[in-house]
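Scrolling down, you'll hit the structures one after another.
In the two complexes that follow, chain A is the common piece, with chain B as its partner first and chain C second.
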Partner chain A sequence: MSRLQYTLWRLIGIVPVMVLITTFAFFLMRAAPGGPFDKEKALPPEIEKNIRAKYHLDDPLIVQYGRYLFSVMRGDLGPSFKYPNRTVNEIIVESFPVSLKLGLLAMCFALFFGLSAGVISALKQNRWQDYTFMGFALFGVSVPNIVLGPLLVLIFGLWLGWLPVAGWESPVDAVLPTITLGAIYVAYISRISRAGILEVLGQDYVTVARAKGLPQRIVVFRHILRGGLLPVVSFLGPAFASILTGSIVVEKIFHIPGLGQHFVQAALNRDYTLAMGTVIFYALILILLNLVVDLLYTFLDPRVRYE
Partner chain B sequence: MKRVIPLALLCLLVVLSTPLEAASKKGEIFIFNNRNLPQSFDPALSSDIYARNILNQLFEGLTASHPRDLSVLPGVAKYWKAAKDGTVYTFYLDSKAVWSDGSRVHADDFRFAWLRLLDPQRNAPYASLLYVIKNGRAYHKGEIQDAAKVGIRTVASDVLEVTLENPLPYFLQLTAFYPLFPLPRRVVEKYGNAWEQPSRFVGNGPFSLHRRKGSALIVLRKNPKYRQAETIHFDEVRAYGIQEPSKALAMYQRGQMDYTGETPIPFKDLTKWRYTTDFHAVPWFAVNFLRFNTKRAPLDDPQVREALSLVIDRAKITNYIVAGGNQPTYSIVPMGIKGYEPPQVSAVNVKRARKLLQQAGYCTPDEKFSGCKEFPQITFLLDNNVSYRKLALGIQQMFKNELGLQRVELKILDFQSYLKARRSMDFHIARSGWSGDYFDPNTFLELWTGDHPNNNTGWANPQYDKWIRLASIEQNPKKRMTYFSKAERILLNDYPVVPIFTFTKTYLLKPYVQGFVDNLQRVLCLQNVFIDRDQLAP
Partner chain C sequence: MKFALWLLLILTVVLFRVQPVAAALEQVYSFNIRAEPETIDPALATGMPEYDMMFALFEGLTNRHAKTLEPIPGVAKRWDISKDGRRYTFHIRNNARWSNGDAVTAQDFVYSWRRSLEPKTGAIYAYMLYHIRGAKAYNSGKIKDFNKVGIKARSSHILEVELINPTPYFLFLCSYYVYFPVHRRTVEKHGDKWTRVENIVTNGAFTLKEWRQADRIVMEKFSGYWDAKRVRLQRIHAYPIENKETGLNYYKTNKIHWTGHGHLPEARIERLKKRPDYHQPVWLSTYYYRVNVTRPPLNNLDVRKALYLAIDRDLIVQKVTKTGEQPAFSFTPKMRGYQPPRGPVFNPKKAAEHLSKAGYCAPGFNKKGCKPFPKLEVHYNTNERHKLVLLAIQQMWKQHLGIEGVSLLNREWKVYLKEQRAIDYAVSRSTWIADYPDPTTFIEMFVTDGGHNQTGWSNRKYDQLVEAAYAEVDAKKRQQLLIDAETILLAELPILPIYHLTSPFLLSPCVGGFYENYLDIHPYTDMYIKPECLKEKK
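Moving on to the complex of A and B:
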């Protein structure tokens, strides 16, 4: 199978998956009690009837489902029920770039500190530097961001007073969310890169490079890193996908106006279209990023074939 | 290495491009927490107190409310005349009233906005407010199509004449309420639904809409065209939509916020803040009460309902369970309305409560007479909120200790599910709350008329409905209040609802904020408020 055929085949495969996800999202959302127009101050019955008619909520469920599926296929996620004058597409376009920015920042943070820690740990194997960094890595992997976030807020926001505790208005606001979201990936990347480099360190070509009398700097950058970091590169795809979809908690903790806030709030508000829209959008991103990663593997590792 | 360099460059690019928003730092900025941000800036499509705080900054109605006592002040209307019989009001607009784009606010902008509110296709939640206007109801129900028949007439470009169905004593309060704000007709007609986007937005209030960040933040900028622009001292106002009180408090403590606004101070933090100059507690025109389902046994028996009410120790609740300044209440209409002395339910009386329960045929702890029935299982419905969970547990315990009710089951649901269960009357007891829309007993008492969609108790009393109807058309203020009082007496005698406490709003305000004024309805007013850094508290 050629690369093009493989890619096409995978793209076609996305359709049934998305239909399944849309179906689940639709019926799960409708199974929740209460509706988008229930408020403490009840709408007069005739108004509620009009609104339900306007959004076709008075049609049989299966008709609504068919209509929704059709509109999703055209890329139209419908009007938001809670933001009366806005569409779900508009809301996603407005808020996703914020989540993306936070995700990219966290990824950069994770790469910089993860790689540095990994490389140093590997080169100083079983010495204090190695133990210190790997200790931190263990901490990073074990502490979920729902704990780390408030902890950082307490220490750096309230006790030391160095950083803002929430918000997304100035560059300094991004520091704590970036660390909170990226910490776990720093840990993963440092462990993966350490393992990768250790494997390369024992290879003959490294020994030969050293035997030739090359300085340590050249040996590390030209020979060791090149092979040792391959596992990290293949980790980046899935990591980025999960950073993007995993920022929901961090967005909530730091009150960041990304897509995550809508993801949670829309479900609680029974904003059917917005909740389903975010689910579909996140699902599509995950699927596409996984596809990209699978395609990249073939560039990185010639042993992987299209089958 | 070749792969690392582009990656590093990408990282650098992202980091450098992160000036998230060019934060404007010139001039004074007032930052507060509004708890929830409005889902729309269209006055016709909003219906909660959080929207009101923002819309009051963006628009101004014919009249305005005094920031402290909520009395009626001139707004866009410089003055007005009311006909002798109280059914026709003529408003004369202030020539200084202009939109933020510089054009005059015309009488037609009000007529346009009000007819739009009544438009059957608009589905405006507050459309029924304008049923008080002649033919308002018929127009909204689609029974008449001719807008000229509705009692809203532009006599001249700056004169608006409103004809009411009946005299309405609180009409001038309604004209200060946000659903009745004017709309810039040209802009709304030009852009359709998109008119409320920040780039197109035009308002006539002290501030105009600058930008919105989802449900997280709204930034307003001073409207230099506002007719009383000299009273506005902030160049920018930022309203956060933070729902967690502890997060708002942390931002306040860190100096990221000047006013904690709509989130209360958590109980655990009260001791720390209570005696500081930052702390404020003011009564709020809102009541927390229980709804009884009068259609479901055993609460279909008024004796049982009264018995339950008689064992609720409200003072204990406000002192130990929902502490923070909330006040026990024995009436549905909160105290504070001039000329209205609300009737009250009896305070704790366990002896009488047990007697009533026995009369209803149920066993009580001190007497198990032959043939008495065990009190059946009842459901206590509430929404998922820490304070309300504690409140429900406390009341559950009172029922158990004083009346021996062992089977009061708490049903805790998320807010939307709670509303659904309440509306479909799937409960015995439901925790409830209500805040007044305008400063009049009617805003609390009309709920209990037989056909009101918020009744949710199954209770109806023709005599009650009659008093409410009479009060709605009575011109004599004293007589009106008597009618309301009679109605509330009927309500409280029948116990479809049991008042528990009136809310107190607790908040923190930086001592350097000067001129801030509070009121019973929590209407945020930023006129004449300013920051004086020399006034920093010690």
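Moving on to the complex of A and C:
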């Protein structure tokens, strides 16, 4: 199977998966008790009737499902129940780029520091550099962002006054959220890359490269990294997806207008369309990211074949 | 490695070239609006953040006095009320303008109220218009002819409204969002998208300049507003910050002047209370427990009395909630023109006596053959404070009544609402915040089969008294009827009032014209940034 055929096949496979996800999202959402318009102050029956009619909630469930599925197929995720003057598409288009930007910054931060720490630790195995970096990595994995974020805000925002406490207006606003969101991935990447490189270090082709008299820099960048980073690449796909979908805490702490907040809040609000819309959208992102990683893998490791 | 270090150094220099938070220049008032407003369409909006925003953008027939919240002239320069209190004639001022320069007319109000009442609009707060004759029938589709509804434009400047009952707070309602006018051509041209920054036309003291979703809202003074001379603020910045800690940090770094009411991190209030900029006005509200009177043993009045009397409300407000709440011995808080009847105070001995009378074993009254009190579940929605109050009450019931089996049932918000609505609980925590400053907003909740009753309680006399109060023109007689009704409520106890809430907040001393009041509504037309602050920050 050629690369193109493989890609096409995978892309076609997305359709049934998405239908399944839409179906699950629809029925799970509807199975949740309560509705989008339940508030502390109960509505008079006349009003409830009007609202149910307006949003077609009085149709049989299966009819609603059919209508929703059809509209999703056309790329229309419907109007939000909570924000009646906005459509779900608009909300995603407006807020996803923010989450994406934050996610990319956090990923770059994680890759830069994670890889540096991983490579140094592997090359200086069991020396003080190794222990220091791996100590930090352990710290990074253990401290959740709900603790790290406020801690950074306290130190750099309130005590030192160097950085804004929250917001998303100027580039400096991104510093603390990036670190908060990326810290745990710095930790993961450094440990994974360290392990990957250690495995490669003992391989014949590295010994051969060294025997050829190549300088350390070339051996590391051309030979060791390429093989040693494979585990990192396969980690990146799910990690990036999890950075994108898991940014809710960071978005809340730093008042960032991203999509993450809607992901959870919409479900709690029973904003059916917005909750289903974000689930469908994230599912698509996840599937596409996995595809990208699979394709990337074959570039890096010629032993991997398409099947 | 050198390269990496250089890159890190450059990044640090670039990123850390920081300027602490930009200070406010001139007359800019910033505040935490607490949540992203769902919509600013007067027909569809419901929450407080929405009101905080719409109060700047729209103006109803009346406005609210910043200190007292009494209705003052808004779009209507004056009004006449018929002797029976049922007919209001509003005289609309000539210089009231929409932000596009059009005149605000009586027809605008007819159109807007009609739109809110059209069943297809699906307006949640349409029921606030039900005071108007024919409004409910039109909203529920029972009548199709809008001419039968008591809203008439006699001319472009005279609006006549006919009510079902004399409604003393009707003028107050006229500044409520569902009573705000909308600009007909804009709504018809843009449909659902008419509230967008690029489309919206408003008639308030401010216009919408920018709305970055979940990020920031900017409103600017409208020079064509009829009372623009009085308006001192040039701009208003509203930040929808849900996280209370983040909101507090914004305040501490001078990014906002007001934290928003009831939006301080609970754990920090003890320390914040010592600050001079801390305020905790009492809110027109009640924190109470609903009791399912259809379910044994709670269908026994003595049991309800025992539960009520065994709650030490003073202890709760002093040791548990600690933000200036006032113990509640009535369901309706005290307000202008209404002195609620006072229920009995904490009396553990009497409480035990009532429990014993109901046939249950109680401390000091362990009669022969008494039954131990069965298990009692109390529902509450996920919230640390609700839990603490409940733990205290659980302890009080255990200590004073010997009830061992009180369990706490924590429910997710929507599940909690659903169970409460279905009266599928034994005891359930609740809060009620007044919609308008009149006792009926509280008392009418418990009429038989009322949508907000949700306790299974019904009392014919109570219903009759409330009905009679609706129709009564004389203020004193009306008050007495409501007092009599509430006396019945407190004697029968389908609810256990606990305390009246406060709305703690921090307000920058730089802000003038901001007054504490019982509904926490702050007209922007009165607010300003003090000159000394402007100088400091320039």
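Note that in this section the second predicted complex is superposed on the first by the 258 of 307 C-alpha atoms of A that agree within 3 Å, B and C clash if a C-alpha of one lies under 4 Å from a C-alpha of the other, contacts with A are read in each partner's own complex, and residues count from 1 in each chain.
Note that in this section a contact is a pair of C-beta atoms (placed from the backbone, for glycine too) under 8 Å apart; a residue touches a chain by one contact, two chains touch by 3 or more.
These figures come from a predicted structure and were not determined experimentally.
A.B. asks: In the overlay, answer first, second, both or neither for which of chain B and chain C A:V175 touches.
C.D. replies: second
A.B. asks: Applying the touch criterion given at the start, work out whether A:K212 contacts chain B, chain C, both or neither, answering first, second, both or neither.
C.D. replies: neither
A.B. asks: Give one of first, second, both or neither to describe whether A:R74 is in contact with chain B, with chain C, with both, or with none.
C.D. replies: neither
A.B. asks: Under the stated touch criterion, which partner chain does A:K54 make contact with: chain B (first), chain C (second), both, or neither?
C.D. replies: It touches chain B and chain C both.
A.B. asks: Look at A:S116 in the shared chain and tell me whether it touches chain B only, chain C only, both, or neither; answer first, second, both or neither.
C.D. replies: second
A.B. asks: Regarding the shared-chain residue A:G161, is it in contact with chain B (first), chain C (second), both, or neither?
C.D. replies: both
A.B. asks: Could you pull out which residues of chain A sit against chain B in one structure and against chain C in the other?
C.D. replies: In chain A, positions 32-35, 38-47, 50-51, 54, 82-85, 91, 94-95, 112, 153, 157-158, 161, 164-169, 171, 255, 257, 261, 268, 270 sit in both the chain B and chain C interfaces.
A.B. asks: Under the definition above, what is the set of chain A residues touching chain B in their complex?
C.D. replies: 32-35, 38-47, 50-51, 54, 82-85, 91, 94-95, 98, 101, 104-105, 107-108, 111-112, 153, 157-158, 161, 164-171, 173-174, 221-222, 225-226, 229, 233, 255-258, 261-262, 265, 268-270
A.B. asks: Under the touch definition given earlier, write down the residues of chain A that touch chain C in their complex.
C.D. replies: Touch residues, chain A against chain C: 32-35, 37-47, 49-51, 53-55, 79, 82-86, 91, 94-95, 112, 116, 120, 150, 153, 157-158, 161-169, 171-172, 175, 252-255, 257, 261, 268, 270.
A.B. asks: Would you pull the chain C residues touching chain A in the complex into a rising list?
C.D. replies: Residues 1, 4, 7, 15-18, 20-21, 36, 38-41, 44, 46, 119-124, 126-127, 130, 136, 139-140, 192-196, 212-216, 239, 241-243, 245-246, 249-250, 252-253, 255, 412-415, 417-418, 421, 430-431, 451-452, 454.
A.B. asks: Please name which positions on chain B make contact with chain A in the complex.
C.D. replies: It is residues 1, 3-4, 7, 10-11, 14-15, 17-21, 23, 39-40, 42, 45, 47-48, 120-121, 123-125, 127-128, 141, 193-194, 196, 213-217, 240, 242, 247, 250-251, 253-254, 256, 413-421, 423, 433-434, 453-454 of chain B that touch chain A.
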